[in-house]
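Common to both upcoming complexes is subunit A, partnered first by subunit B, then by subunit C.
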Partner chain A sequence: MIYSIFYKEWIKARYFFLALVCLNTAVCLKIWVDIRQQLQAEHAEMIWYQAIHIQSFFYSDIRYFPLLSGICLAVVQFVPEILQKRLRLSLHLPVDRERLLAIFLALGLGLYTVLALLDTAAIWAVSRYYFPVEVAVSSLTTLLPWHYAGFVGYLGMSLILLEPAWSRRVFVFLVFSGFISLLFSGSGYCRLNPALPWLMLLAPLFFLTVFQGGSRFQQGEVT
Partner chain B sequence: MSSAIEVKHLCHQYGSRTIYRDLNFTVPTGTICGLLGKNGQGKTTLVNILMGFLKPTSGRCLVLGEDSCHLPPLTRARIGLLHEGHLAYEFLTIAQTERFFSGFYLGWEREIFFDLVDKMGLSPDHRICRMSCGQRSQVVLGVIMAQNPDLLILDDYSMGLDAGYRRLFLDVLKDFAALGDKTIFVTSHIVQDLEKLVDSMIFIDRGEIMQTELDSFMKSFHRYDFEDGGELSLDKDEVIRGFEQRGERISVYSFADQESVQFHLDSLGVHPEKMREKKMSLEDAFIGLMGKY
Partner chain C sequence: MIHLSRYSLILLGILTMSYFLPTGFWKIFGSEEGSTMLFYSPLKKQFVYRDYLGSHQFHYRDEEGNNYSRAAFEELLPFLYYKTMEKKGLLPLIIDGQSFDKASIKKGRQGIEIKSRHLPDHYPQIPLYPLFNQDQEQAMLPFPEDVFRFSGRGMEFINADFNRIDEELSKRFTHALMMKGFSFPATVIGGKTTNLKPFDAGYFIRDSEGAVFHVQRVKNEPKIIRTPIPPETDIEALVISENQRKEFYGLAITGENRVYLISYDHYKLIELSADQYDAQSMDFKLLISPLHRTVTCFDDRQVFGTVTDGAYSPMKSYQRSLPETITPAADFIGRMLFPFQLTLTSEFRGQADPRLHWNGWRALIGIGLSIVGYLVYVRGIKKRKKRSWPAICLLLLAGVYGLICLAVLPDNT
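And then the complex of A and B:
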């Protein structure tokens, strides 16, 4: 049963997931090529000055890609389900709605995690190769809010697509986009470190809202 | 006899528009019941309520003894549901569709699925989005039949199907019903198809219903034709249930016998000469009862 749901979700997402892997890999390659060229063209002191004193991080190109990946995965998974309300096919299957949605989300978030790990590993490797370990470590905590934005973006887009009422869709969009913009606010390394654990405490709440959207979808509540 | 479907005091509204007012009916186990009504009368809404996809304003529906708003998975496993428009996962191929659905049903009968689908002569790798409506309906029918359900709910199975695929659908449904203790609840726009299939019918019109056995309805509902030179207008009442005028030919539909209708028309100042009963198909009777518009 679980396998069957995973199977269908994988068929839906596989080509788009591979496209996202290619896209994220391409961005990471571009970051590597750029820093490599910069190091060849400029003095190391200048690179150090930019990276440490100005805090202009060389991997800023990847900033919005986790969010883009999360939103794309939600669209790929849920648009085919809401067109002609096809999700009713799955909701009629002999499996609990919550369990069904949990498996949908598990696959989507699982694929997102693969992309996030790919980006993180690539940035870590480039950082570690060209910079001291402290810079590499700080890249992880700098990337974390962006990855969290992708996670929240995935759940937010899933909820917006499942929600049957337009007024609620707008409300959900405002709430999620407000929260996501908070995760991109500020500049410099590890800027959200003090607040991030508190912001991450909200993750289960965002996760659970999708189940509420699923319930409203099933019961056709349009107000 | 137990009931496969039981609707009690069902009311539903979309905003200020009332769809049903105090709807009550039952579909006994082992019977085939057709739900007939013109477009926009709430046939699909009723199917959605029965399957828990819509919460009614008030009232209760029991499907296989369970509240339709909270059908447990085990009950859903006993219900084969055909959504309007032969809804299917169009990104899947035939083989992927079989593999996906087979994982949910213990009694899944793979042979039944492929017997139905192989009739089309398509490759198992054929994607559903590249199929015609008729071909897609065959895949959906295969999925439903392979589940071996106790109750079939079919929402406008004939939509978009040509005569061949409709006949195929009917043949499969008849074979399924012949297995015994199987219940079918069906809506369709092609009324004459139901004449060959159903035991009983529910007519739905402006939020009210009339439930009747097919045989007794066809025996008790009559059409009387006569000719009249002038423009005639007759309102529906207890005797006249339908009225139609085309040129000089007048048709009056009624559950009353010819003598009573003649007497009633006389009392309304209409004096038909040579009024005679005309034989009707179910479609004629449906139009007579419901009207064309």
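And then the complex of A and C:
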């Protein structure tokens, strides 16, 4: 049963997932072409100076794409379920509600992780090819909050779609978008490093929030 | 699971609100921080200061509290505003029987500022540095095609054109350093990484045994000097600032918050009088005029100043609190309303600095009001008889944040 639900979710999301893979790959290709062109047009040492000391990193184009990917995945998974009331049918399957929702989320987060790994590997490869290893390492911790924003964005969008009451939807939107805005705050590389362990500790809480949305969706509560 | 899910959302709501609600409140009710710029007036023979009170309001005053107009204030600081003095036809100046014209003032001036957020470990820094090639035949200071780093084995140069280690150059510098007794790896590296400077003084580098080396690249050859700076000086930061006066290379800051000038005279250390300085939470400024040196250091509450003579012997000190820009009513309401506040930034850090600020006893009033408000709502309006102890515990811990969460996310189980 679990495998079947997993497979059903994959069938639903696969084309959108492939579209997101293409989109993220296109952004990474643009980043590669841009830095390659810059290094050909200007002195390499000046590009290095800007990257290392001025902190204008060459991969900033990807900044909001993890968030966009996370939100899109949630929309793709939950909008058809909710609009066509298919989730109500799924909730009658012989699998308890929490497990069913966990499978949904596991697939969504799994697909999101593939996208995040794809972006990270591409940025790492470009960094490593054109810059010293220190710059490549700094790109990993600079990307991490943006990927985390995508994770939170996915869960936040899922919860907003599941939640039947508008007042709660607004509250969830404010809490999640407020948190996400912190992950994008400031400029320069590795800026959030000292806060990241604390912010990452909250990840399980974001995951857990969705389950009450599932319960309220099933009960159809509007208060 | 449902309770766990609800409390997860409540906790996230509290954390997010504790960041955004106080931030918004202080933005609306005058959180613009006041600041004080402290100077020593060679004419008044006392400290004068400019207080910024927010909303483009300034006070120009001296130690005795006398007020000045901006123009009169600038006239008290002729070495700082010498261009204004020149425009007004007030040059040359005669102070203490000495005459100062524009050229002599210009020659005797220097300023160096160390912001806490620019010190090592206070901001994210990739430890790769350009070592400029000093060549008298070059009018410009071109950027080198490589950057250097220190490893446990030596000094490595990485060529930017090929993103590859320049083995030959690395070997030459590592060998030269080893010949001078450098013990790898480097622990502190200080130098100016820009070419927007009058000349290049290279880098000052502290080795793993505490010795400080002056490392330069002259016509692409290493020029290494082992300085006589005592290795036991617990130097934690080296701030280099090239200046045509060539009195000192820069400043060394120790773990005990002592600040030294590294003089051009055989790298002699000159201690600056800055007893209150704390590198963790204070900015530092040294202003040099033809007659005096003024050391100021300040945090978000106070500013301390000491004026010395040309030989850095202290003459006079002064301290004052920074002006309050928040009205007492707004301060009281803010602290009462919000039991605690999360912050992610600090003006003394160039990267995130997460902190939780407790708002003191006044927060207890807000917590009490939140509990009363909750009980009135539950028992008076909702007509429920049963007390909800988890809800009251939540209000005790989170005050108004908890109240908002309970209002939006009631327990409907």
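As a convention for this text, the second predicted complex is superposed on the first by the 222 of 223 C-alpha atoms of A that agree within 3 Å, B and C clash if a C-alpha of one lies under 4 Å from a C-alpha of the other, contacts with A are read in each partner's own complex, and residues count from 1 in each chain.
Note that a contact is a pair of C-beta atoms (placed from the backbone, for glycine too) under 8 Å apart; a residue touches a chain by one contact, two chains touch by 3 or more.
Just so you know, these numbers come straight off a predicted model, no measurement behind them.
By the touch criterion defined above, A:110 reaches neither subunit B nor subunit C. When the shared chain is aligned, subunit C comes close enough to touch A:189, but subunit B does not.
More residues of subunit A lie in touch with C than with the remaining chain of the pair subunit B and subunit C. Of the two partner chains placed by the overlay, only subunit C lies in contact with A:211; subunit B stays clear of it. Looking at the shared chain after the overlay, A:8 reaches subunit B, while subunit C stays out of its contact range. Of the two partner chains placed by superposition, only subunit B is touched by A:220; subunit C is not.
In the superposition on chain A, A:93 contacts subunit B only, with no contact to subunit C.
When both complexes are aligned on chain A by C-alpha atoms, subunit A residues 221 touch subunit B in the first and subunit C in the second. Subunit C contributes residues 1-2, 4-6, 8-9, 11-13, 15-17, 19-20, 124, 126-128, 130, 143-147, 149, 158, 160-161, 163, 193-194, 344-345, 349-354, 408-410, 412 to its touches with subunit A in the complex. Those residues of subunit B lying in contact with subunit A across their complex are 48, 51-55, 69, 73-74, 76-77, 79, 81, 83, 85, 87-92, 96, 99-105. Here subunit A touches subunit B in the complex through residues 1, 3-4, 7-8, 11-12, 80, 84-86, 88-89, 91-96, 218-221, going by the rule given at the top.
Across the complex, subunit A meets subunit C through its residues 43-49, 52-53, 98, 129-132, 134-135, 138, 167-168, 171-172, 174-175, 178-179, 182, 185-186, 188-196, 198, 202, 204-206, 208-213, 215, 221, 223.
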